[in-house]
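Each of the next two complexes has chain A plus one other chain: chain B in the first, chain C in the second.
After this line comes the complex of A and B, so read on.
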């Protein structure tokens, strides 16, 4: 059913720390690898002249110029936010797109998807891509096939992107529980929603980069004022005359 | 948005076909025998042809029947249901006209309502999308409904509703351009709000996340050469509304002249529909620093 659930028992999701993300693209690769193995996430013309493929996670890179001080490079991972008011679900004509009431995860039933693409149009965040060979819609599953698979070692029962991130910039947990680790992180760091104006009520949150320390002057500046004496002083004077 | 030919043809043809179905259903005109066969045949042909064209862009057309199931929440599903219901309701009316069965006209009236309701649902598929600010307003239903009215009236040879339709269309087309040009700005979304990094400073793309365009970029980001826009807009407005409107006054009306006016109107409609897609900016473009 593509009507949204009236109530979710919990809301699993990701919290992404833009302060620590170094833009290494490891999560992109881990996500692609895991999902390609589990239920397929194909590429078109992968070794040819015009390669193109479906990914569930992309890492952008922005240059941000504050009002004062130097510009900052900020890496920005972008995947499905498992929205509470997910427009991608309600527009779906077939019932292929749905949001689970047990954990709030937004999924696609690929066997029912006609590949009309309307859900991708309805998502403001570009979280859905059509699989070029299967011709059905793909999106982040929050790695349902890892987080619920108790046969995996416990440390692997988290999303592939979270497991792989070398800087720990991706956090996974229950955002509906105010006591959870992720909720505390959002609270402490001022986690925010992307494009709240779109009315999607995203579940995933982004932690803003921390305020940068700023060098008022160069730490080497005092050295510039040292007065040379003796031979060095004489040399300094001579060279000064020459130039 | 990428102006896919199948969707452009679908929306223009089926809109015109549904308009004609509405007029025939309502009994304006009430042809008989062969003329009835040709009229109803044209109306069904355009509508069904348009609907079939719309399945060309599906990844899995063989599963299209599933799209009738989610009418409670989805405008696309409602469109499918309304279209099929309309075609079914009007079938006895068409047979009655062709074979002189004398069935009550009220069936046709019901079908006419269904035809306009179908056009309304098509327009809502676009108008509901907050992600495409240019579409997310009343001008879209106004456009689609006045296209169906004008196109249907022209094919049905009904000059008064055609004049009214063409007039309504002129306003709808102009308002859609005018409102649309401001829409993205009014929605207030920028690369800064898309990333939330506007809280730090002015945001600019430093490096793209991938080297080749992906599905999203191919679907949602389309650049129309700025210099072509005024010309295309003129063809859209003139062809679909102003020229037909003037011709209805100036030219002696006959089935032939109606047909010629309808073709001019259709040309304008296709130009308008191309711009409708090509000029529509999806907010996902903001992540790529494009619109």
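After this line comes the complex of A and C, so read on.
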């Protein structure tokens, strides 16, 4: 079993805006591309009947029928939430899974991973995937090899999914700093924890969709009763507005 | 560790043309991300763009030229050399050019080099050239040009920074993809309301604050009802209408020119000046056009418009049931439009002078904006529906004002500034001008002297007079039917006509292989594609294209540019990695073929090729004096817009990130059609040869001229059987008429996912893991009524056929509509996939249910399933009957596997490395 750090100096993470995510999957393939190119994310049977590759970030769409009003579709991006009380770490028999004290990122040391799958079983969010050919566990690293690479332009020292998101629905920053942009967003928009009852204390937050389908503007008052006055009356009144 | 190189070029994973940074190690592509400096995507990139690496490495890539050696469709090909391939093509095409150039039909699908391929076809002399716009979104483009000089996407876009209300009509995820998403993100950041009008609530409609789950094909009726409400309440921008539109022109009430504008002795339309009550030139300095004028009994356009839409026929209560939207919601939407346009108006402190010479100290704006593309277009009433949407924007005074809709250079461009179609052929001679254009009156139709169609697709005929993009979906059926005539060679580029790009797919496959007297009815087929698509099996000669990272291209202002409202823009592609196969960029191949055929613009005076390859053409072709394919770095490298050819132009583009922008001057950013600073800049930058100010066409004279002909007026008369549809559809004011088949109860639609581009995505190892399966999505009411359970299949029947396909339940859907993702279903053997791939087993197309022709009416005519104005394929008019077919293993119809042109793809073991 592996221990969690008693204290993190900061807690990096993502804030994902469900009011803005259109479910375009851009973050999914940017993540796949970056992590494949940097340390390999394989695909089994890529052109066959049952293609199955490792993806560290997936987007699901759900149909929701509220008690009142129109049905809705919610697009929901899902990746590791870098929990404070990460059960995937404590369950790991080899110490391969660990949480960094310097920035709170949860990582896997692939050299020590035996592919037992306990961590994937322990994670209530389904955020870990076994690489189908390497048979080691893969997960979101918050693009640790981008965010710490000072040879990249500063604006690119962010996770690939955040850099690529066309609607700007993904935000990256230090959630332990109440003044950070991500913390302010969480505060302003009522950002919430995913499945708080699991006791994992996730670091990533989701911003809820705004209330929908509430068209409330009062109907326009007719200029006058056209049926009574006829078109000529309407025209006079209408053009009388020009002066 | 090898150093990473970054090459900046242009994406081609869809039609959006974003800037990309391709990471390379030792020449190998390792990663693709967005280019932050690029005007289209500003650094972001969609799911397709980031997956381009899997397209460049796809096993489906064709490897060498192929010549058919067995029966067509048998897949018996042999690899041949390029010299053999081009010698063979020349031997087929040269005699056609010398005797009957129209016997070559050259159609180029999702081509991004239409100003080049059109130029080639013009030099060959065939009238039979177009790209895919006729089966895509020509209604939106053409209705925009005829109404206001531009439409959405490449023509213009919402003022994302300033708009305070955004209304999105129909499926729009498939065009202008990243810019719309970036725009939506900006609106969401500012807390601006987004309203979606769409039968299906996915994608952009999922984040809409309000959703109108409209009945397909009734968008035009809803829009005209909104116009009714706005007129009824007096909430229209009268000043805007009087100054910038033809609302104050006078319409002849009677006589042989009934419905045309009243003209003066110089044949110019005029207005009544409110200051004097007397006639005055429409463009005279200080003139205040009177919307309420009556002159010799002739009323203004404004009065005709108001009388039309104030009719109770357009009241919300009257249209609600048909549109599937309760009347109070229609009234509330109209009220919200009025509230934002008129009570939340904005103004920029920016002085400008209009074409009348009148000076303005500010730029007032009505911050309501709209967007629509294919969703409302792909109906047989799509042209008039798109026109209605443009009219709604115009009466609110939002077009080209701050916070509204903004043109992108080279637009605005009035219909008069566009060419008319050229189609007259002569053996051995080029056409006298471009094929495609904008018809203004019957004498400009592409008809031969005997009145028969000059073009194989019957574009620009009485059946569809304004078919500005041609009718690619009619090409194969007409060529097979010999209607209007027989052709010899079908030459296609990037168009999967044997599968998802055709209506009535199964029938089209039969047409391609049909024989008469031992000869193929369509005698020869040449096809160029980069990948082993379904169409490959049906060609006689394959000219394998490169992928987009292995080629030169230019995204030209002569064609479909990448401009922004504040800057004209163009861009290039260049080979960031060399091809590892015996393939060539199609445009370079066309130049070689053109030289072999002796096409004059492609032959140097000494008989050698005029252009070495496409890159040479991009830099050195001169379209008209000083104007070439690219506007940047001309002449000595500093000239913009106009200038001599520059042999270092491509290098300059590469150094600039692959693109160029010419910025609109500060005082020219709004009111472009009427703003003289803009007009003069547009001339300087080569979009016009002289300033082209104009009025928006609320009343369309070109349409009225066709309607008049249908009424029996004028020397050129349509065939009698087409008179009713011309009278109805060529209404000079936007109108609505039903377009769907009432005999079937359920609407059936497709939409393209944001992570796939027609059939291309399926060969992509990553994208097919995201969307390798498609289901028929069924709304709750139908799901329950038919007792569907998860795992069931539905049998869908239309007037054209039957399919049996897997279902899934979806709540956020119009209650009488079913839908699926477009082009997921594949033919076994294509695209390098295994025969048991989901796409080839359970995956399906709706195309089998849709015919390019309407059911026979017993009059011997072939009635097109198209818009009668433009000929746009009416994909979204499909109606079906649905039944529960219980559990199944595979979709039907299923077709036998097509023999493989390339081997099946194998494992991608570990990463890119």
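As a convention for this text, the second predicted complex is superposed on the first by the 212 of 243 C-alpha atoms of A that agree within 3 Å, B and C clash if a C-alpha of one lies under 4 Å from a C-alpha of the other, contacts with A are read in each partner's own complex, and residues count from 1 in each chain.
Assume contacts are C-beta pairs under 8 Å (C-beta built on N, C-alpha and C of every residue); 3 or more make two chains touch, one makes a residue touch a chain.
All values derive from a computational prediction rather than experimental measurement.
Undergrad: For A:178, decide between first (touching chain B), second (touching chain C), both and neither.
TA: neither
Undergrad: Figure out whether A:90 sits in contact with chain B (first) or chain C (second), or with both, or with neither.
TA: It touches chain B, and chain C stays clear.
Undergrad: For A:61, is the partner it touches chain B (first), chain C (second), both, or none of the two (neither)?
TA: Both: A:61 reaches chain B and chain C.
Undergrad: Could you say whether A:72 touches chain B, chain C, both of them, or neither, answering first, second, both or neither?
TA: After superposition on chain A, A:72 lies in contact with both partners, chain B and chain C.
Undergrad: So, A:52: does it touch chain B (first), chain C (second), both, or neither?
TA: both
Undergrad: Touching A:40, do we find chain B (first), chain C (second), both, or neither?
TA: In the superposed model, A:40 contacts chain C only, not chain B.
Undergrad: Looking at the overlay, does A:233 come into contact with chain B only (first), chain C only (second), both, or neither?
TA: neither
Undergrad: Pick one for A:166: touches chain B only (first), chain C only (second), both, or neither.
TA: second
Undergrad: Please identify the positions on chain A that touch both chain B and chain C, taking each partner from its own complex.
TA: 28, 51-53, 55, 61, 63-65, 71-74, 134, 209
Undergrad: Could you list, by residue number, the parts of chain C that touch chain A in their complex?
TA: The touching residues are 23, 30-34, 36, 41, 43-51, 53, 59, 173, 177-178, 181-182, 184-186, 188-189, 195, 201-211, 213, 229-230, 232-235, 238-239, 242, 274, 291-292, 303, 306-307, 310, 328-329, 331-336, 338-339, 754-755, 763, 765-770, 772, 780, 809-813, 832-834, 836-838, 841, 904-913.
Undergrad: Can you name the residues of chain B that touch chain A in the complex?
TA: Against chain A, the touching part of chain B is residues 1, 57-61, 63-64, 66-70, 72-77, 80, 125, 128-132, 187-189, 191, 193-197, 199-210, 212-216, 219-220, 282-284, 287-288.
Undergrad: Could you list, by residue number, the parts of chain A that touch chain B in their complex?
TA: 1-3, 18, 28, 50-55, 58-67, 71-74, 76, 78, 87, 89-96, 112-118, 120-126, 129-130, 132, 134-136, 192-195, 197-199, 206, 208-209
Undergrad: Name, in rising order, each residue of chain A that touches chain C in their complex.
TA: Going through chain A, the ones touching chain C are 17, 19-26, 28-30, 32-34, 36-37, 39-49, 51-53, 55, 61, 63-65, 70-75, 133-134, 155, 160, 163-169, 209-210, 212-223, 226, 231, 234-239, 241-242.
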